[in-house]
Every structure is written in C-alpha cells, then in structure tokens.
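Consider the two complexes below, in which subunit A is the common component and subunit B and subunit C are the respective partners.
This part shows the complex of A and B:
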C-alpha cells in the first residue's frame, strides 16, 4: 500500500508538468472554440457563440476539400512509405557486402531536417530553374520545365513524393527490428518443405510482422495527419489551396488570419480524430501484453 | 502643454521678423513647412539635402528637459547580423547620443527580429509585461489600437506637428479618427530593370515601361525574344511580398481592396471586384496564363526568389526595395568564375524607375515603413509608463537627424525634415538610385488601417490572384469571391 503511494508521488512532478504544458493548452483550445474572436477585439473580450465555429467549419466546402486532401495526403503517404520501407527492410535483412553502408545511406532522409529537405526539394522541383527539369531537359526528355508545385493538379502529389522520401526510412527501421523476431527455424523448415520465396514471405515472415506493421502504419498515419513542415515550406498550402491539409489550414486561420476561435474549433476536430487513431495505436501496442496476461 | 504653446508663439514671432532667421534660430522640435511636398521630385530631393542643421538634444530638451530622471522600456527590430555595418554603427551611435542627451533616463531596450516581434508583443500584452514603447511595421499597430492596448499619441505630444510627417504615414497610425503613434521611417518600392535585357529584346534600355499595360507588353516581348521571364510577378499565398507588388497595379487601374486609395478612405466600401481591380487581375492573368511571360514559379515565389534569376541576367524587371541595388552588388561580389562576369554586368545595367501608371495616368505604390507606439500602463511590465521618458525617447528617435540616420540603408526618415539633413545628403551621395525611390513617396498609399487588413492583404488578395492565375476561377469569379470574403470579414464574420 505504502509503496504504491510512493509510486504516485514519484510520477506526480511529471503529471504536473504535463497538466501545465499539455492539459491547459488543450483546455484553453476547447474553451476558445466556443468563442468568436474578431480581429478588432482583444482575446479577453472574446464573444461566446456556442457551436457556431463548428458549424462554420463543417458547413464550409473548403473544409471538405481540405479534408479530402488530408485523407489523400495521409493514406497515400502512409501506404507508399510503408511499402518502400518494407521493401528496403527485406532487402537489408539479407547479408551482403556494403549492407551497413546502404543502411546508413537509406537512413539519411529520416535524419535530415525536414526544413532543410523541404527547401532542397523546392529547388529540385522549381518550375523555372529546377534541377529535375534541368536533368530531364539535358537528357532530351522534355523541352520545357515540368510544373510540379505551381500546378493545382500536381502540387499535392509532388509533396507526397517528398513526404514518402522523408519517412520511408522510419518504416524501414521499424520493420527491420520486426524481422529480427522471425524465427530462422521456421523459414528453414518452410524452405525444406519446398516453399517459394514469396510463400515463405507471405506465410512465415509477414504474419510475424503484423504487430510491428500495425504500429508502424498507425505511427505513420498520425505523423502524416500532423504534417506541417513540408507542405508549409514548399507551397504554403497553395496554389489556390490545392495542397492545403488540416494542419496548414489551421495554422493559417490562427496565425495568418488571427481567427483564434475558428482555428481552435478546427484543432478540436483534428484532436478528436487523433485520439481515435491514438486509441487504436495503444490497442495495437498492448495487444501482445493482453495476450500474455491472458495466458 | 505650456512648452508646446511657447514653442508655437516663438515660431510665429520669428516668422514675422524674418523667415531666414527662423530657419537658423528655431529652438523647438517642430519644423513644419520646411519641406515643400508639392515640389517633390528626384531633383528636389537632391537640392534640399544638406541645407539645414538640427540638434536633437537641444530640440528635444525643449519638450522634455535634458536633466529629467526616469526610465523607459523599448522593443524594436534593430540591426541583426545580416545587416550592413553602417546600420549597426548608427544604432549604437543613437543610443550613445540619447544617453548623452538624457543621462538620467535609463533604458531597457530589446531588439527583436521582424518575424518574432508581433507574436512576442501579443504574448507580452496578454501577460501585462509589454514594453512602454514599441516600434512596429506600418500595418502592425492598428490591430493593437483596435484592441485597446495603445495610448493615443500625436505629433504635438512630442514636439512635432502633422506637417512634419507624410500624410499617408499619419493615416497609417490613425484608427477611428484617433492617432495612436508616429511614423519613424517610410519607404516605397520602385521598378527595377536590366537595361541589357531590355536592349537585347529591342526595348528602350534607359526607360522603364510607362504604364502597367506596357509592363504586360514588355514582359511578353522579353519572353518571346529572349526566352526568359520578363516581369518578376510574385503571387505567393500568405506572403507580404504579394500585396506589396500587386496592390500598386490594382490602385493604378482604379481598383483597391477597400477605398484605401481614395482621399478620405472610410474602409467600408469593398472595391476588390470593381472594374479597375478586375483590369489589374486580368493583366496579371494575361502575363501568367496567356503570355506565360512571368516565372511559372510565381505562385510559390517570394521576392527573394526573383533575386537569383535577376542577378543571373534571366529576369527583365521587377518591383523591389531601395536596398535591392545593395543586395545585387553583394550577390555580385560573392559570385565566382563566369557567374561573376554575368553578375557584374547585371549590376552595371541595373536601372531604377518610377512604378508604372494606370491607363489614366494614376501612379501608386504601397506606403511602407514603421511606426512608434506607446502602450497603456496596465499592459506594461510594472503597470507604469514614465510619460516624460517616453516622450524624450520618441522625440529623439523621430528627430530629423536620427530618423534619417536610423533609416540609413533601407528606408527614409519618417520626419520629413530629415530630408534637409547632412545625413540625407550623404545617403544620396552613397546609395545609388535613392533619389528615385524617395521620389515615389508622394504616390504612397497605406494599406487599409483596420485590424482586418493583414487578412485582406496577405490572404485574400493572394488567394484571388492564385484562383485566377491557376484557372481555378475566372478573373471575374476570383474578384467576386474575394469581394465576398472581404465584405464578410469587414462585417465581423467570415468563413474559413
């Protein structure tokens, strides 16, 4: 009994800090979401408007356009980052000369600062002087620069490519760790039984990766829902809002337009979505513990 | 204000005796009518520079005695690492001079970067820990005046008169008829072009396009003849560079966001979809979408991204600050090999001219600069504002001498008597094209002085441009969509 009381005492400072730096901002954001905060009034003079901010957001066609773009951004980025990460993990799981070097090389995108990477990619994509267009032009494949990020049809996908490049290494690391748990004996037994490489992967390796895959996918999804740096630096959500996602839209409403009330309501909606994803993440993480506890 | 009355009486008496004597014996900080704005031109600016001496310590001593004991806290964007040495030197010299003039006034000064100042100030106001005095960019103060954080402050409070400042600048500190600050420095942009590019394209190398319609045709000619962008259009979202370049075009065509270009703006009438505004938007659309004579990257470019192609001789013309020549010279000095030869040639062929006019001969430019404000005591650290110390600092900062020296590199004195100083003469002698950029000042129009202005200028105007240029909407639809948004936020509402 006394021991558990001391346990609470030990974690109390951490909980207090969390309440101050996480709990209060969440509370204040939820409170602000019920107020109108026009540019002509100080925050202390904010006007209560009930659920108006939520109604304004949910009835706006811009919100649904941005939501669709957020879904595309998150799903496509997560899928391709995972698939590329899985491919790289499988390739690097084998012994071969230069494996360590290649692993280090593939980790570079994850290690590089997102801000620096965004600026570099912005210049690679540049619609007038971009390195990619210059290279393709030099090879005689194009006669005018490709418009990657100044085009409403391609801007979001151009950003997704950068995002996948930036985060596939993370999936690779996670899955490489998962591959260590696949028993060699099972793989050898399957080989002796005449299973093809694909059959060995699908029936032996992949089932052992399901737990880590679920965690990786959820972490990538959460990370992508919250992505800000790449779209903000490279396009600022443009052109004409074609690469706006929830986070960039919320940021612009709050800090570009000083519309704290609406931005807070928007953030609360995003918070709810993130909590749902977080619930599944925690469930995936504790699944193994529950199973062990049950056993 | 006995001191102020005394100064006026003294000035009147002296004027009666002799105008010439008045010029040399003025003992106040007020120099109204010394500069004739109706004669403003590059030649006039040169002719008046260095014609009058000022003594800030003595003049401000007439407003606040030099032996006054007190304290003042002050935030501003001072010189940082990237700024030229002269900016650091003048900044240090100012604080030394202020200390010498007011040895018993203690100062608590913070220099905060341009991008951090507004957010830091907002935060400090919420925590009642703001400075007593703050200098903000020209559009920054209105938000705080509207929210009730600033004290009324007019030129007469610190020994000057309205005639000592640009009318447009005073407009920028007036909210609902009350003045909440004083201009410290003002500048306008100019049209900059590469004479060699013009010559190679068969255009007159020594004269800029006279009208905005000429800009469209020049840009097309340059693109067709040389295969490079003619005009450095900037249309990025959420970037101040965009309205600073597009609004002059809109005003010249007879448009505007609200009625900010009119003589007596009320900021209630939405004009962003009037015929003039649509004509300006159509001209931008013509260059971007039809002629393709401007950078394709204009939608994601700031002005910074125009500098590289310009110094490489790959851009014909652009709108930029007075300091752009220094920037290009700096870039050329850092270039190497064959790039160096190209960059040097560009610098040698760099020309400055007036911003083009609209079809009716109207010339307009954004009135830029900074203003100084006084915060109400309840929001200041310690809950007190030492009014005399505040007045001494503002009088000194805004004196002809120091408002010139502190704006050495990229701006001009907020106090127009600064144009009479030796410092101004030295600037004109050493800063190329300064006479051209200063001569645009009378054409300066401040952005609407309402708290919603940043959203209108930085969000709605760029959105309108992008909607039209990308073909997401027609020109008419984009302008009407922008008008709906402007009206909504002026009415206190607005969607997302």
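This part shows the complex of A and C:
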C-alpha cells in the first residue's frame, strides 16, 4: 500500500546489527570448518585441510553416540513437555477460582534461569543428602540413596526430568492460547449430539489445536536440540560421556580441547540440521501470515 | 424421560465428573512437581551447612537461619562483595540490552507489519531463523571476534551478543502487536495531515505500549538468565553476571549448598516478581503469533 525507499530505514538498524553478529559468525564458522587450527587461536597459522574435519567427525564412534543421546534427549523431552503442557492446558481451560494464580505458579520453572534450576535439581539428586532419594525411601520404594546423575545408565534420563520440568509450561501457555480459538458453539453442538468428553476432545478440540501444536512441538524440539545449560552444569556431559549431547560436546571440543576447526565442522553439521527444522518452523509459523500481509 | 434415558444421562454426567476429577488430580500432582524444587531451594537456604548435610534431610530446619542471605548482602565480606557486584553487573547488562533491543526493534517491527518492500519476507524469515540457530554456532566466531575487538571480559561483548537473540524475538513479538492495531487509525491521521512518522509516533506508539512492556520483560529475563556467552566471554570476577558468578559456591573445596541455594533464590526473585506482576502482557504477547489464523 505504501511504498518508498525510506521503508528500509526502519529496518536498517536491525539489519546492520544482525549482519555483524549473525552473518559474520556464520561465514566464519563455515570457513574455520575447513581448516586445521592451532590451539592458541593464532589463526593466521591455520592450514586448509579440506573435508578432513568432517571425515574425522563422521567416522568417530563418539559422534554417533552423542548423536543418539541428542536424539533421545530431544524426542523424550519434547514428548513429555508437550503431553504435560497439553494436560495442564486442558485442565486449566475451564474457569475456576484461583485459575490465574495456578497458571502463574506453573509458569515459574519456565521463568527461572536454567542455571538456578540445574543447581537445585543437582541438590535434589545429591547422592548422599538428596531429597528425592529421601522421599523415595520414605515411601518405602528404595533402601539406600540412589545416585541419579553420577551413573552412566540413569544420568541422561535424570537430566531429561529437569528439562521437562523447565519447559512444560511453555507448551502449556501456547496450548492454552490455542484452546481459546476452539469455537464454543461447536463443542456445545457436539455435546447436544451426545459426544462423550473424549470424543469432543478428539474430534473437535484436537483438530483445532493442530496448528499451534505443530509450532509448539517444533519450538520445543529446536530448544532441546540446542540445550546446553542443564547438562553442562549438572554433569558436564558425564559420567563417561553418558549425558553428552551435541552442544555440550561441541563446547568441550572448542573451549576444552581447543580444536576449533573440528568444533566448527560440528557446528556446521548442526546448522544444516537446524536449517531443515527451521524450514518447517517458518512454514508452520507463517501459515496465514501471508494472507494477512495482503490486507 | 424413560428410566433408561435417565440412567444414560447420569452416566454421562458421571463421565464428565470423572474427567473433571482426573483433571484436578493431575493439576495437583503437576503443581507438586513444579513447586517442590523451588520450595526445597528456599528451605535449604535457611539451613546451616551442618544441617544441610544430613540424611534423611530435615524437611524443615530445626534452627532456621537467615545467615546465608546476610552473607550475600554484607558488603564487608568477600562473598557479599562479589555477590553484590554480580548482581549489579546483571542489572546493568540486562537493562542496557533491553533498551537497545526495544529501540532497534520498534521501527523494524512496525515496518514488517505495515510495509511491503522487496525482500521483506526474506528479511522476516532471517529474523525468525535466528531463533533457531544454536548459540554454539556463534560462540567460536564471536569469541574470536570479541578477542580481536578487545571486548573479551567486557559487558559490551555480552550486550552485543544478547542483541542477536533478543532482537529477532523482540521484532516478532512487537509485530504481533502492530498487526492488531487497525491501519485505518493511521490513515485517518494521514488524511488529517500528519506525516507517516507523526502517525507512527503519535498514534501507533501509544497503542502499542503493552507490546513494548511485554517485549521489554522478555528481553530482560532473557538477558538476566543468559549463561553460555557470559560463561565464555567473562573470566574476571568483577565483570561476571549472576548465573556465571554463582558457580563460586560450587567450585571451592566443598560445595556450600545452603549458600548456593540462597544465591540461586536471590537470583530468581527479580525475574519471578517481574513476571508475576506483568504476566498478563507477557503471555498474550508470546502466544499471539502462534494462534493467529
């Protein structure tokens, strides 16, 4: 409707900042991924080594172990965060006294910093004085304190619990907003026609939620794929790499072992995976946006 | 109504009641899961080091003490001095990031909402896509960049980086608000002789105040809680923000759990309070874009 070259002035500051802090790093990461880099970060001494870094990664068994753990971490966290969020959204949909307060309490984990969350859960899981072990033995379920996070077979799952705790309420608010778009008249019509609560949910509510569910699931998946703080603070990826996921692994490669080139190649692979997910994210998110843009 | 119909009706009501009750039980369990860690954080922070190291734990401290909090805010001790410094650093970095993000995002979001220009959708996708990229993709090159610019161990490095993830989200949130403000209002102002800038500044800006508040809180909380860049860019204690500085309770010989819990509790208070006071704006802004049809 309006069209002038001054329109660009409104976005120019944003574009400028993004070019510097987004465009340049992406370019630089891709470049570094083809080089053998000295540990010192004296990068004038770097040597071109073609696809060696990529070959090193893809042939390393650690890569596949970390990839599998990342998939488990992402899929299990996303699934449970979504299910808990959906349950909470449905239970909170009906108006009742204290609903707003309850919703606010449920949102607290999402607002609190992941650093605070990691420390308090580390304390809850503590192998000698942990409150969770104490509660379980109080219920007569276990005899002695369990070592949840310093244990190769349980550490990843113990961290997933923390992650779900941290982010289920994000799914909850997204889905609560989605529920408000379900027309009451349809639900009432279904009720009049004798549909059970489950049928009403499955045939009326759920189809209306598909758009927002898609966005929520994608956002959760992306966020989980990119997780760093919880595993880094709680276990550092250990013990014996049993809770290592991509980001903690890359961080360790770069800042722990100073293998900048290999770490960059890892980042590029991750980047490509994210681009694919990003494509679906943008598609889910902008559905309908173009229609409005024509207005 | 026949007897059969009546019993069917009763069964249906019982069914609905059953659903309602399972919903309630679910909520109670979920609430327990949600608040238990926060409560345990607080209870632990009221214990002495000795009282915390017991098994089974004291569910409520026999001798509750505020000692851990006094230590954090007492500027004459080393712990207090550092904690106060971290706190100020966090406030300074988060506030400046928020102001810059909003100032840059407002015109950009307005343009994305109103104007059609070549490359508009590409730019908008670029804005959205930034949300997708893992911090680690940017970490190595930004670290090298900051080193080259001499910004390592400065707050400038953090503020500049926080803008990268703060801006796209701020633009996205604000655009949702501008989309909801009828274009007709500006058109009327334009007909009355206002320039486009006046129409924006005098008509649209005041109407979008809730959006600006929501976006500010979002930026502030994001910057306040950020860890990975602060952890990588800052090594000097007088520069550290809270999430990074707090690890000093951890790395010394034995972990001071009550001290650590008091510090994490203090760190959580500002964002939780800010959020609880302003959550109405916040939740609406966040979900606006996702549910629109």
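The rule we apply is simple: the second predicted complex is superposed on the first by the 278 of 295 C-alpha atoms of A that agree within 3 Å, B and C clash if a C-alpha of one lies under 4 Å from a C-alpha of the other, contacts with A are read in each partner's own complex, and residues count from 1 in each chain.
The rule is simple: contacts are C-beta pairs under 8 Å (C-beta built on N, C-alpha and C of every residue); 3 or more make two chains touch, one makes a residue touch a chain.
Here the structure is a predicted model, which is why all the values come from computation and not from measurement.
K.L.:
Touching A:215, do we find subunit B (first), subunit C (second), both, or neither?
P.N.:
Second partner only.
K.L.:
As a test of reading the superposition: which chain, subunit B or subunit C, is in touch with more residues of subunit A?
P.N.:
The partner making contact with more of subunit A's residues is C.
K.L.:
Between subunit B (first) and subunit C (second), which, if any, makes contact with A:62: first, second, both or neither?
P.N.:
So A:62 only meets subunit B here.
K.L.:
Who does A:154 touch here: subunit B (first), subunit C (second), both, or neither?
P.N.:
In the superposition, A:154 touches no partner, neither subunit B nor subunit C.
K.L.:
Look at A:252 in the shared chain and tell me whether it touches subunit B only, subunit C only, both, or neither; answer first, second, both or neither.
P.N.:
The answer is first: A:252 touches subunit B but not subunit C.
K.L.:
Of the partners subunit B and subunit C, which touch A:121 in the superposed model: first, second, both, neither?
P.N.:
Touch status of A:121: second partner only.
K.L.:
A:145 in the overlay: touching subunit B, subunit C, both, or neither? Say first, second, both or neither.
P.N.:
Both partners, subunit B and subunit C.
K.L.:
Tell me the contact category for A:237 with respect to subunit B and subunit C: first, second, both or neither.
P.N.:
First partner only, subunit B.
K.L.:
Let me test your reading of the model: by the given contact rule, A:129 touches which partner, first (subunit B), second (subunit C), both or neither?
P.N.:
both
K.L.:
From the superposed pair, tell me which subunit A residues show up as contacts to subunit B and also as contacts to subunit C.
P.N.:
On subunit A, the overlap between the subunit B and subunit C contacts is residues 41, 43, 126, 128-129, 145, 255.
K.L.:
Over in the complex, which subunit A residues touch subunit C? Could you list them?
P.N.:
Interface residues on subunit A, with respect to subunit C: 1-3, 7-11, 13-15, 17-18, 20-22, 24-26, 28-29, 32, 41, 43, 84, 87-88, 90-92, 94, 102, 104-109, 111-117, 119-121, 123-124, 126, 128-129, 131, 133-134, 137-138, 145, 165, 169, 173-174, 176-178, 180-181, 194, 196-198, 211-212, 215-216, 222, 225-226, 228-229, 246-247, 250-251, 254-255, 260, 263-264, 267, 270-271, 274-275, 277-278, 281-282, 285-286, 288-290, 292-293, 295.
K.L.:
Over in the complex, which subunit C residues touch subunit A? Could you list them?
P.N.:
12, 15-16, 19-20, 23-24, 26-27, 30-31, 33-35, 37-38, 40-41, 44, 52-57, 104-105, 107-108, 110-112, 114-117, 121, 123-142, 144-145, 147, 160-161, 163-164, 167-168, 171, 179, 183, 196, 221, 224-225, 227-228, 232, 243, 246, 250, 257, 260-261, 264-265, 267-268, 271-272, 275-276, 279, 283-284, 286-293
K.L.:
How about subunit A: which of its residues touch subunit B in the complex?
P.N.:
Subunit A residues touching subunit B: 38-45, 56-57, 60, 62-63, 122, 126-129, 145, 147, 149-152, 234-242, 249, 252-253, 255-259, 262, 266.
K.L.:
So in the complex, the part of subunit B that touches subunit A is made up of which residues?
P.N.:
Subunit B reaches subunit A through residues 119, 125-126, 143, 146-149, 229, 236-239, 295-300, 308-309, 314, 450-452, 454-455, 458-459, 462-463, 466-467, 469-472, 489, 492, 494-496.
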